[in-house]
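Input: one structure, supplied below.
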Amino acid sequence: MCGIIGVIGSNSSAVQAYYGLNALQHRGQEASGILTSKNINNKYQFSYHKGIGLVSEVFNDNSLFTNELFGNISIGHTRYSTTGSSDSRKNIQPFFVQYKNGNLAVVHNGNITNASKIRESLIKKGAIFQTSSDTEVILHLIATSKYENQIDQLKDALSKLEGAFSLIILIDGKLIAARDKYGFRPLSFGRTEDSIIITSETCALDINSAEFIRDVNPGEILVFNENDLFNPASINFEAENKIKHCIFEFIYFSRPDSQIFNINVDKIRRKLGKKLAEKHPVKVDNNEKLVVISVPDSSNTIAIGFQSQLSKLGLNSKLDIGLIRSHYIGRTFIAPEQGKRELGVKIKFNIVKGVLENRHIVIIDDSIVRGTTSKQLIKLIKEAKPKSIHLRIASPQILYPCYYGMDFPSKEELIAYKLKNNLDDIRNYLEVDSLEYLTVDELLECVSENNPQNFCTACFNGNYPTLIDNNFDKNKYDN
Amino acid sequence: MCGIIGVIGSNSSAVQAYYGLNALQHRGQEASGILTSKNINNKYQFSYHKGIGLVSEVFNDNSLFTNELFGNISIGHTRYSTTGSSDSRKNIQPFFVQYKNGNLAVVHNGNITNASKIRESLIKKGAIFQTSSDTEVILHLIATSKYENQIDQLKDALSKLEGAFSLIILIDGKLIAARDKYGFRPLSFGRTEDSIIITSETCALDINSAEFIRDVNPGEILVFNENDLFNPASINFEAENKIKHCIFEFIYFSRPDSQIFNINVDKIRRKLGKKLAEKHPVKVDNNEKLVVISVPDSSNTIAIGFQSQLSKLGLNSKLDIGLIRSHYIGRTFIAPEQGKRELGVKIKFNIVKGVLENRHIVIIDDSIVRGTTSKQLIKLIKEAKPKSIHLRIASPQILYPCYYGMDFPSKEELIAYKLKNNLDDIRNYLEVDSLEYLTVDELLECVSENNPQNFCTACFNGNYPTLIDNNFDKNKYDN
Amino acid sequence: MCGIIGVIGSNSSAVQAYYGLNALQHRGQEASGILTSKNINNKYQFSYHKGIGLVSEVFNDNSLFTNELFGNISIGHTRYSTTGSSDSRKNIQPFFVQYKNGNLAVVHNGNITNASKIRESLIKKGAIFQTSSDTEVILHLIATSKYENQIDQLKDALSKLEGAFSLIILIDGKLIAARDKYGFRPLSFGRTEDSIIITSETCALDINSAEFIRDVNPGEILVFNENDLFNPASINFEAENKIKHCIFEFIYFSRPDSQIFNINVDKIRRKLGKKLAEKHPVKVDNNEKLVVISVPDSSNTIAIGFQSQLSKLGLNSKLDIGLIRSHYIGRTFIAPEQGKRELGVKIKFNIVKGVLENRHIVIIDDSIVRGTTSKQLIKLIKEAKPKSIHLRIASPQILYPCYYGMDFPSKEELIAYKLKNNLDDIRNYLEVDSLEYLTVDELLECVSENNPQNFCTACFNGNYPTLIDNNFDKNKYDN
Amino acid sequence: MCGIIGVIGSNSSAVQAYYGLNALQHRGQEASGILTSKNINNKYQFSYHKGIGLVSEVFNDNSLFTNELFGNISIGHTRYSTTGSSDSRKNIQPFFVQYKNGNLAVVHNGNITNASKIRESLIKKGAIFQTSSDTEVILHLIATSKYENQIDQLKDALSKLEGAFSLIILIDGKLIAARDKYGFRPLSFGRTEDSIIITSETCALDINSAEFIRDVNPGEILVFNENDLFNPASINFEAENKIKHCIFEFIYFSRPDSQIFNINVDKIRRKLGKKLAEKHPVKVDNNEKLVVISVPDSSNTIAIGFQSQLSKLGLNSKLDIGLIRSHYIGRTFIAPEQGKRELGVKIKFNIVKGVLENRHIVIIDDSIVRGTTSKQLIKLIKEAKPKSIHLRIASPQILYPCYYGMDFPSKEELIAYKLKNNLDDIRNYLEVDSLEYLTVDELLECVSENNPQNFCTACFNGNYPTLIDNNFDKNKYDN
């Protein structure tokens, strides 16, 4: 997963990109970069700064100024990556090259499912590849397009791509947004008085006091010209748009204060909690009081919805804070002797004993992937000696890998797949008194009343909206 | 403010100190250090590592191992400091020296109010001072004591100190805890199977899976000997103990999952919220629904208490998440153009528009110091166009400086003092529809049913438990 | 200028490359890198480490091991560059890509004079360029060659290049050396028991205890196969070889302990000194003693030759050390107030007063480029109050820029050009009592008895061996 | 060994100290620091910056300016240390404290031989020690002196010290130089137009364009007052001055362009070479030509003297450069696989084969300590197949440790001691055809015609000028 941003208009575009990347930090903590284009005597020049680490770390040395990131167009990227390959430094975005029509730079969120095939075909024709990223494929497709006009080149290139891509492209004098026909990943734009900001999530507009305009449409190319900022050209590069938004953006990935796919994230999360309570309530003897706690911070809003619905159902409950999360445990934390002691979860979470002791506890979590964190968390909670523990998950069982950018592990590591989707076995493994998931239908009811078909649920039911190349190795090329 | 820890017993004492400091990180993010004593051929040797930054940053290079922090006794410190003086690197604790009885190292949380006087008197006698920290004073008092026995020296030294001090001292073969007679700052100890852990807050025991034993008593010296770990000697160095716990540890400073002064912090916070609702409820026309939001994370528990009490009072309300806090904005964040744009609060908080728009909002905050953050936060919330904004503060107006370790600014910068404690003026300044604080009595009712006199409330009413030297410059020597 | 090395054979090839780069450090101090290829399950994989700084700085963190630079083929590069462009990090060599025949990596010393033209033509065909280096052009030419065999591709590519190039290329299982038909830059190879080492100068063989075999011939491609190390294939890619060695390698650039162009550098330098004394001796009244001093370290050997020849001529002289050079003044030295005070030369050199005072001084220097350093040096020497100062330069006046890799400034900055090659004016400018240069013929007599035409002397007389593109901007693309 | 500097007068005193430390870098490469005193509203304040590394590395980040090292008095230090103890960071000088008379800072070159005893006695009286450096002892002695006047305190303190100390002390408004009664280590001062500079070697005056005034006398305290810069008060703190200059400063340690002990270093070195040739010439059959080479750079001047004397003796010889030293091999060089391959010397030196092959070689070196480097160097030279190798050493055999600051190893590691001072055995060990040392008398003849007794030769003959405490552990406290 990644967060992307593009700014055109003001000469402090890099500063706006910087603030935006800070707001998008949750989408990727491994590396980040900003590239700026400036017009010097009618020649466009690129400056950039990128590095390993949080946005605040990469830009902690006044790089915004010392590298002269002063220009009226900037793009930025923040990356999540599990691969520690020695290539990783080269793969940090933005990517930029010179080609026949001038300068070309790009940031990308998503996963090109046919990148491998295109790459091979380009290489056969004499192309050279300097990184293992599928984003480089896009640059080659543009450069080798038979068309002369840059927008035609882009249309040509994008029409060859399969999979998920939200792109922001910087060419001389222009900032371009583009999104795959399924609209897998979010991409919106907004404006301030003198600039346009394109970004993954609207929270990056808010931090810049920018006004939201609309989403970039699936299959749309939007071209912002530095000379006519507020009248972008809109081109559809795909005739038919089968919208398939990633439903996990709502469940877990996006920030609750963002609006994506035209809906407020926190609104959906509250609905998920309500639906979960309605369909999978927790009942204990004598209607003894239930203490509802969330796994902070991602499930906080879900827990609020859950408890309010429980109340409506007449179930005796209250919301409380039973887990404290340490926010100082960042990338650099080293856990000595981790082998010896089971510290994992303990470093990140601590229990509030007074809240949990001798109570019936309902834990609200957004999803279960491998199950290992949940298992450790429940073990930790048991130290407080609750009367009972009930786990409610605001999504269905994850049974299939994602080919569109979510960083799930291989099938074999998914706990639901591993235990053959047997609810009892998962409950036993996690050692809780009860366990319920939302069903796919319940989930879809929450996110969309009218158009449930507009969401991708492949990770739950295997219904992939695109053909999946059998040879596709999702770990081979990271975005 | 600072967080301190001491561990004696196991040879991974430094690792336990490291985990503990991570849990105490909220007490100070500026610098941290660990010092370990090991017995090599019956000679005790000190190793240490300290630096500027978060615990995870200071120890991000395997320093725990490469510096051979392997010994059976360790002490650690994490510091908060506003001073950017060029001395700051020297002032990082632990402090350690060699003196007539061998090695001596110390970590300190608090503020010695007569440090300046003692320092001058020691200097007159020929002492040299290498730092500006009042902790160095303690080392000199011990070293120049007329007594031969180390515990006698310590008693002698501590009896000369005025003010707040929770100390952990490491001498050859022993770990010692000591606390001023007022017990201003918390200090507890617990045990694992093979080690004793002394620390500011019990959350540092939890992260080490240690069992809480008890608080170090005000005026008590507790000596743990490496040869008889679990039978510490307890010495009272002060005849009369006038307990004056810092009430701000409950309101804001300590972690909610800690137990300090023998009470769970989160329990007190919930009570503060309930009392605030009971005494200072918010009423709107037609009992329209109130949306209660907290300023995360410090006020989360207070908000839960507040809303639950509102419900009991029959007031139509719900708890919601109206502010999102960015946890990636750390020490190193640089705000370019901050002069131009009012970014301050925006970088740290974002509003959830859907929650706030067209609603009656009650904001729960723990305290107001300068008022600048509150003012900006309210301005931000107004962007979502709520119907009305009501601010409820879980503590009284802060009118006096703290001489015992809380990092309050000078009187003149305190908003309540500046506006002559006129509630209407403060409300106007903050631009809210209503504003209420807890009174000192209401506050005391929450923290202690029987012994309200056991808490220091000097910052609210100026009743300082100790004599305050007129010349005392609280900014001169940081701890 | 740059230094390059390639090693094939032993699994510690990267370590050998590292030692070699240390020996080549004088050829470039700005940046360096090593890339290693290893065969894992019959798949070749590249690992690399590169960075800004001296070789010892770039590899000061055990990068040789932590980055797993373990493979049987390695190439390395150390770069000199005056450009501080933000591209500089991307331009650090080795360069490497994937292309149709597998992996391809390259290090380059020299300057492709038609790089700009080729680049444009490649770009027109759809190529994308990620750096501003002319080395990237070579990679594209190989990848887009119509040939299938890698050696044919290389021949094809090299035949299109004009200018100076000594290349070491790494492909799967093979290490390849290639040199332009003029043999502008040196390139030799040698062997240890189990490995082949190709390198710019033989001092990089010595540090690895490798035995010199021979120079790579001008216009030759030499292919070392991992399975048959010591029987390389030799291919001539140019029919006609007009040898034009860079004469400045002898005068200044190469290390005196190296053998280049089949001659020992120190031997040539001694000859330069002798010729200089023979043709341009210094005579003072009454045959008073002359003190011959060198500008350390580059002119040391020249000065020895000069003084020994003076003796033979019956001139009363002795060699002495009149200038001390500080070797600690490296890349990172910051000269505060440099505007105010004329520190430049003073930081680098100090005079030995006792040697210079009241003496007739002959200063031996290898060359004069801008003249500013010489001027300051002479001013410094005058502080010691010598009787007279005589400057002897072991090369002719530099009047023309170099298009083949020597880092000379533009014509306008060359002192000899600026003063219209008027010896008196230069002497007056430098404020010395006498000044003499070697003539081009005298210089050629020193380097070659039989084949003076085999050396490039374009910087002295403008006789460029290749066509020079009028549009060629030597500063545009650095190698 | 260390280099020290003090500057009083101009507000760029720190910049002058910085330049000076660069010139003194050869005296210590491990760590360095500068401390500046400035008068702000009649209150003196210290600022400092210090760190591990070369001067150019420690101050490579504009620390000279960002740390506000702007004041009219500065002191600086550059340190050599073999100890890698975890205390090393604390031991970096300048040291500074506050004491009864105000601020006090010091830099020290030398070794206090009774530091251990004084330290113990101070500790008994209640002093605390924060470092293991003997310099801290001096600070305590000053602070605990019974005198009120600072100069009296200093006299009092210095009169208690034994051993070697060249000190520069900074107190409020004054800069003070002091030197032990033996004058073991050099200490001079000079002036610019508006400032006084005190320093270890005159090369640090030269770099600042300062004029040499004179040496600080053995047993002298010199007090420079900011209000009357050029009229320092001179106080003798020792009645009887038995001058014992360290003769090794001439042989090896000082820079040849410095004047120390009132003599030019390079002059002495030339004399050493001449004496060595005169007393220990090399003769080969048929008066075949001898090639004299030096071990660069320390022996360069010695070799010049040696060869010129050989000529006078009618011996057929010439000086040449047979060894090239790499100046890029600094502190950070990592030698991988050093165990496997004998790289040591090879990394630092390379041979010039053409100079050595089939010749009779005379190697001139200043001294032999452990013998390991010499042995490896000779082995390296033999690779060039010389006819014969003759080693001439410009000092006597080192048989005793130095207690006055030279970093010699323990007796047992000294090759001359190990081989019982048997010349034949040493020659056999080094595998040379002939080996000769200067005798102590010959050495003394070179350095002083009239006062040979003014030099310490303890390392050659064990005649220590001071009592040596049997318990003295020269490795315990580094300066």
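Lettered A, B, C and D in written order, each chain numbered from 1.
Rule of thumb we're sticking to: a residue touches a chain if its C-beta (ideal position, glycine included) is under 8 Å from a C-beta of that chain, and two chains touch if they have at least 3 such contacts.
By chain, UniProt protein names: A, B, C, D = Amidophosphoribosyltransferase.
Worth saying up front: this structure is predicted, and the values here are computed from it rather than measured.
Separation of chain A from chain D in touch steps, taking the shortest path, is 2. Following the contact convention of this document, no chain is adjacent to both chain B and chain D. The chain with its Cα centroid farthest from the Cα centroid of chain C is B. If you average the Cα atoms of chain B and of chain C, the two centres end up 61 Å apart. Rounded to a whole number, the gap between the C-alpha centres of chain A and chain C is 50 angstrom. Centre to centre, using the average C-alpha position, chain C and chain D are separated by 36 Å.
Residue numbers of chain B whose C-beta contacts span two or more other chains: none are found.
Here, these are the chain pairs in contact: A-B, A-C, B-D, C-D. Partner chain C is touched in their complex by these residues of chain A: 47-49, 67-68, 86, 96-100, 104, 123-124, 126-130, 139-140, 143-145. Listed in rising order, the residues of chain B touching chain A in the complex are 12, 15, 18-19, 22-23, 25-26, 29, 54-57, 59-60, 62, 64-65, 203, 206-207, 209, 255-257, 264, 266-267, 297, 300-301, 304, 308, 318-321, 324, 326-330, 332-334, 336-337, 341, 343, 346-347, 350-355.
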